[in-house]
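These notes open a run of structures that come right after.
Paired with subunit B in one complex and with subunit C in the other, subunit A is shared by the two complexes that follow.
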Partner chain A sequence: MAWLRRSEVVIAGILLLAMIGIGLVNPAFWQLDNLFSLLRSNVIIGIMALGVLMIMISGGIDVSFPAFAVAAMYLTVKGMLWTGYDGVALPFLTAATMGALFGCLNAFFVYKFRMIPLIVTLGTGSMVRGFLLGVVGTSMININKMPDVLIDFAKTEVISMTKADGTTYGLTAMVLVYFGLAILVHLILRYTMIGRGIYALGGDQEAASRAGFDLRKVIFFIYCFAGALAGFAGLLHSGMIWLANPRDFVGLELDVIAAVVLGGASIFGGRGTVLGTMLGVFMLVMVKNSLIIMKIDTTWQRVVVGVIIVIATAVTAWRDQKRKARGDRT
Partner chain B sequence: MINKLDFRAILNRDKNIVQLIVMTVLIFVIMTALSPDKFLRYYNFESITYIFPELGLLSIAMMIAMLTGGIDLSVVGIANLSGILAGILFKKLADETGVADTGLAVVLLGGVVALGTGLVAGALNGLLITKVKITPILATLGTGQVFTGLAIVLTGGPAIVGFPEHWSWVGNGKLLGLATPFVLFVLIAIAVSFILVRTPLGVNLMLIGTNPKAALFAGLKRERMVFYSYMMTGVLASIAGIMLSGRTNAAKSDYGTSYLLQAVLIAVLGGTNPAGGKGRVLGVAIAVIALMLLSSGFQILRFSNHLIDFIWGAFLLLVIAINAYKNRVR
Partner chain C sequence: MTDAFIELRGIRKEFAGVCALDDMSLTIRAGEIHCLAGENGSGKSTIIKVMSGVYQPDAGEIRIQGKAVHHLTPIASIDRGIQVIYQDFSLFGNLTVAENLAMNTQLRQKRRLMNWGRVRAIARDAVDRIGVDLDLDAEVGNLPTAGKQLVAIARALMSDARLIIMDEPTTALTRREVETLFRIVKDIQSRGIAVLFVSHKIREMMEISERITVMRNGSLVADGPVSDFDEASLIRHMTGLELNSKPYVWVPGDRAAEAPRLEVSGLGLSDAFEDVDLTIRAGEIVGLSGLLGSGRTELVLSLFGMIPADRGVIRVDGKEVTPRSTQQAIAAGIAYVPEDRLSEGLFLTQGIDRNILCTSYESLASGLTIDQGRADTLVDDTIKAMQIATPSGAKLVKELSGGNQQRVVLGRWLLTDARVLILNGPTVGVDVGSKAEIHHKIRDLAVEHGLAVLMISDDVLELVQNCNRIVLMHRGRLTEGLDCATTSEEAVSEKLKAFT
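Showing the complex of A and B:
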C-alpha cells in the first residue's frame, strides 16, 4: 500500500473531500457549466505553475514570471496590431520566445553571480514591468482592437452543450493545450537527462555537479523554459479575456507559488511532480472560486490564499523532516 | 593569524561604507548638475527627511532577517495592518469629539496596539520558521498574504482616513527643529546597531548567519535567537507603519507595496549578505539616503513612477553583479 502515502494521492483525497463539502453547501457546484468554468480558470495559472514547478524542484523560486507574461503578451498584441498579422502560431511563438529571453536574464544572474533567485527575480520582474509601463505604454487594448484571430482561437471548444433555457456553454479547448504542456513537462522531468539534472540540482548542487550534470545548461533551461511558458500563457490569457491589459497579473505569483507548494513541491528542492502541481492548481482555483459559491465575502480571498500557503508549506516541511528522520528511504 | 584576519575583515567592511558614501556623493553631484535650482532647495531635503525613515526602518528590518540567511516578505503587510488596527481603535474610541482631538492616553494605547501587532506578527513568523521549519521565503510570503488579507477584511478595501493629531506628529511633526520621523529613525538605528554589535543576541545572529553548523556545534540557541530576530523585524515594520499612517493621515491595505522590493534592494546595497552573517545598520542607513536622493532627483526630472521602478530593479541587479565581482577579486 505504499502508493497510499504518495503526496498526489493525499492531495487528490483532500481535493475530493473539499469538493464534496462545497457541493453540500451549494449543490450548484456540481453543475457541468460550473465545473467547465473551473477547468477554464485552471489553464493560465496551470501553465505558469508548470514553469514554477521546475524552478522549485531545482531549489529556486521565481516571482518575476507575471511581469514576463504581461510584457510578452502586451508587446506581441501591439506587434500584431502594428503589422496587421492574422495568424495564431507565430504570435504565440513570439510571446514564448520573448518570455524565454526574459527568463535567460534570470538564469544569467542566478548562475553567473550565484545570487539568491528570489532577489534576482524581484529585480528582473520590477525592471520588466517598469519598462513596459514606463516606456511601452499603460493603455489597455480593448476587445474592439484585439486581434480577432486570438479571440477566435481561444474560443475553440472541445465540448459544446446547450442548457434547457437555450444558452450554450462548453469546455474550452485551451484545457487541451494545458494538458499537452503538462505532459511535455512531465516527460522532460521524467525521461530526459536535463530533467533528472533538475532534480539532482535541487537535491544537492555540489553532488549534481560532481555527478557530471552541466549546471549551467540546467539552470538556463529551467528559467528560460519557465519564461517561455509564462509568455505563452500571457498571450493565451489575453485571447481568453478579450483584453490586453499591461497592468494585468499583479500578485499572480503568489497564487501560482501557493498552487505549486500545495501540489507537494518542496522549496528545498528535489521534490515535486507535474500531477501533484496540477492537483494543487485545481485545488487553489476551486477554493478561490468556491468562496463566492459558498457566499463568503470576497475580501477573505487573500487571507485564504495566505493560510493555504502556510498550511501547505508546514505540511511539506513536516513531511521532509520525517523523511530525514527515517533515513533516506523514500 | 586570527588577529590579522579580523583586521582585514574590519578594513573590508569600512571599505564598503566608504564606497557607499562615495556613491551617495556621486548621486548628489549628478542630480545637482542635472537640475541645480530644483534639487538643491531646502524643501527638497526636508521632505526627504520625512519620507525616508519608514523605508529605512523596513530596510533595517529586512537586513535583520537576512542576517540569518532569511528574508521577511511580510514587512509591508505588518506595517499596514499595524496602522489599520490603530486607526480602527481611534475610530471606535472617539465617536463624539472626532478623531483628530483624541487624547494622548488613547494615542499611546494605539501605539501599543500597533507595536503589539508587529510583535505578534513577527512572533508568528518566527514560530513558523523555527518551530514548524518552513523556509523564511514561503513562511513570510504566506503570512504577508494573511496580514494584507486581514487588512482588506478589516477595512473592506478603502483607506481609513483621519488619525489623531498626536499620532500624525510621529509622521509629520517636528522635534528639536528636525522632522520627528528622522529623529526617531536615528534613535532606532542607533539602538538596533547597539543590539546587533554589543549584545549576545546580535553576536549570536551574526555567528548563526556565518556558519549555521558551527553555531549549532558551539551550542548557540539557534532557534530562540532566530525567533527573536523575526520579532524585532516585526516591531520595526510596525513602527514604519505608524510613521506611514501618521505622515499620510490614512492607512490602507495596499500602501507602500513597492517598498518591499526597495527594502530588499537597500539592504543588499547596504552591504548585507542575503546568505547571512553580514550586515550593518550604518550601511543600510547610507544606502537608503543614497536611493532617496536618486529617486527624488528622478522625480524632479519628471521621470514616470514606472520608470523609477525600472531603475530600482536595474540598480538591484547591478549591485548584485558588482558585489559578486568584488567577492571574486577578494
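Showing the complex of A and C:
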C-alpha cells in the first residue's frame, strides 16, 4: 500500500474532504458553473506555480515572478498597441521571452555568486517592478484600449452551457493551456536528464556536481523557464480580465508559494511533483473562493494564506525530518 | 598480477605556501588490497584528490598502467578506471536506489531523456554484480549507512573500475557491517580490481590489506607487505612516537577507607535498566561495555540527571544525591562527556575560552558581572593543564583537531570540582596519537585529582588497557565485573559476543 502514503494521495484526500465540507455548508459549491469558475481561477496561479515548483525542487525559491509577469505583460500590451499588431502567438512568445530574460538575471546571481535565491529574487523583483512603474508608466490599459485579439483568445471556451434562466456559462479553454503546460513540466521533470538534474541539485549540490551535472545549465534552465512561464501567465491574465494593470500581482508570490508547499514540495529542495502542485493550487484557490462566497472580508484571506503557508511548511518539514531520522538510524 | 596499476612518484602539492604533500610516493598494484594509513591531516585526502584528478600536483610523476600521465583531470581519471567512494558517499538521498545507480551512466552516455525501464535494468545489473539485496525502489535517504555504502560501491563498480578508493569506509559502521564490507572488498579484488583503503584504524588495516603505505606530514614514511608491520610499528610510523600501552593499575592507598566516590545501589528505570549496583572509588577507572540497547547509555544519562532514574540510590562521597537535571548532577560533582562531543558537548563556533568556562560561569559571577580577570586565568591554566595546542583561548573550537576538542571538554569538567567523571566513547573519531594522549590524560585525572572515572566504550581494547575493572551490561542489568589485571581483550569480546 505504498501508493497510499504518497503525498499526492494524501493531498487529494484532504482536498476531497474539504470539498465535501464546503459543499455541506454551501450546496451551490457543487454547481457546474461554480466549479468551472474555480478551474478558471486556477489557470494563472497554476502556471506560475509550475515555475516555482521547479525552483523549489532545486532547493531555491523565487519571489520575483509576479514582477516579471507584470512587466512582461504590460510591455507586451504596450508594444501591441504601439505597433497595432493583431496576432496572438507572437505576443505570447514575446512575453515569455521577456520573462525568460528576467529569469536569466536571477540565474546569473544565483549561479555566479552563489547568492541565496530569496535575496536575489527579492532584489530583482523589486528592481523590475520599480523600473516598470518609473520608466514605462503607471497608467492602466482598460477594456476600451486592450487589444481585442487577446480578449477574444482568452474568451475561448471548451464547454458552453446555458442555465434555465437563460444566462450562459462555460469552461474556459485556458485550462487546457494550463494542463498542457503542466504535462510539459511533468515530462521535463520526470523524463529528461535536466529534469532529474533539478532533483539532484535539490538533493545534494556537491554530489550533483561530482556526478557530472552541468549546474550552470540546470540553474539557468529553471530560472529562465520559471520566468518564461510567469511572462506567459501575465499576458494571459490581462486577456482574461480585459485589463493591463502595471500594479497587478502584488502579493501573489505568497499565494503561489503557499500552493506549491501545500502540494507537498519541500522547502529544503529535492521533493515535489506537478500533480501535487496542481492539487495544492486547486486547494488554495478553492479556500479563497469559499471565503468570498461566505462573505468573509478579503483582508482575512491574507490571514488564511499565511496560516496555510505555516502549516503546510511545518508538515512537510516534519515529514522530511522524519525521513532523515529514519535514514540516520543504523 | 604484480604490475603496478598506478604509480605516484615524488608528488608535491602546496596550498597557499603550505606544503600538503612533499615527495610523496605511492604504488598500487593491479588487483591488490592496499591500505593508505596516516593520521588526520597527514595528507591522505590530498593524495586521493591527486589520483582522482581534482588536484594537479606541483611536481612529481603519475604513471597509470606504465604510461606517464601529464594532466590528470577528473574525467580522465574516471576513464582510466579510478573510482573514489567519498566519506559522504555523494549520493542523492531524495532519489531512489535505481536512479542513484544509473545516474552516472546516463550522464556519461550524454543522454538527454530518462528511460525508466533502462534505468532499472542498469541498476539491477549493478546490484547483481556485487551480489547484495537492495530494494531498487527505496529512497536512498531512508537507507542505513551501510546500505548507502553498498549503493556507492555498486555505483563505483559499474564503470569498469580498475581501482576503487574508499575514504574512511568503516567510520560509521557496526562491526557486523564492517565484516560484510570486507567480504565485498575481497569479492571486488577477486575480479582483478584494486582497492585502496584509506583509514586510521589499525586493526582494520591489518585485517584486510595486503600491502600498507604509511604517510605522515605529507610524506611517505613506510611501505611494504602487511607482514612487515605490526600494530606497534604502524603506530610508530603514523605518529612518529613510541607509544606504550601499559594497563592501568589502581593503587588504593589510604583511599580504601574513604567512602566511595560513587556508590549506586538498586538503581532502576522502567524499560531501560534495573537493580544496578556499582561502586567506584577515588582513582578507579571502571569500564562499562555492553551491546547497543543494553541500557548502558540510559544508565549514564540517569547518573547525569538527563533521564532521572525511577528507583534506587546514588551516593557521591557517601552523600545521597538525586540528580533530576544536569544542573543538579553537576552541583553534586558528576561530570559527563558525551559520545558525540561535536553535537552534544561543544559549542563549535565559539572560542575555547567560552567552551571551557561554560559550566563555571555561576562560580565566576559576582553579582551581575563576571570576574573577567579570574576567568582568563582559569582558561590559561586549563589550556596548559590539558595541553591544548592553541595560540590563545580565543581560537574557535571547530578549528581544533578531534583530540584537542576532546581535551577542551575534559578541561571544562576539571573546573567544576567534578568528583565523578563519566566518559562515553572518549576516543571515537580521534586518531591514534591523540587517542594515546587522551588516555594518558584520563589516567592523570584519576590518579592526581582522585576522580572516579566511568568509561563507556565499544572498543574493548581501550577498556582493557585503561581501566582497572570492567563491568558488562546486558538487557538492563550489570552481569559481570572483570578485573583487568586478569582478563584479556579476547575474553571480554567473547563474553560480549555471547550476549547476542
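What we mean here is this: the second predicted complex is superposed on the first by the 326 of 330 C-alpha atoms of A that agree within 3 Å, B and C clash if a C-alpha of one lies under 4 Å from a C-alpha of the other, contacts with A are read in each partner's own complex, and residues count from 1 in each chain.
By definition in this document, contacts are C-beta pairs under 8 Å (C-beta built on N, C-alpha and C of every residue); 3 or more make two chains touch, one makes a residue touch a chain.
From a predicted model like this one, the values you see are computed outputs, not experimental measurements.
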Contacts of A:A314 with subunit B and subunit C, given as first, second, both or neither: first
Partner chain(s) touched by A:W30 [first = subunit B, second = subunit C, both, neither]: neither
Which superposed partner A:A200 touches (first subunit B, second subunit C, both, neither): second
Subunit B or subunit C, by number of subunit A residues touched: B
Residues of subunit A at both interfaces, subunit B in one complex, subunit C in the other: none
Subunit C-touching residues of subunit A, taken from the complex the two chains share: 190-196, 199-200, 202-204, 206-208, 210-213, 269-271, 323-324, 326-330
Interfacial residue positions of subunit A with respect to subunit B in the complex: 61, 109, 112-116, 118-120, 122-135, 138, 254, 257-258, 261, 267-268, 297, 299-310, 313-314, 317-318, 321
Touching residues (chain side subunit C, partner subunit A) in the complex: 86, 88, 90-95, 99, 103-104, 106-108, 111-116, 139-146, 172-174, 177
Of subunit B, residues touching subunit A in the complex: 71, 128, 132-135, 137-139, 141-150, 152-153, 156-157, 260-261, 264-265, 268, 274-275, 303-314, 316-317, 320-321, 323-324
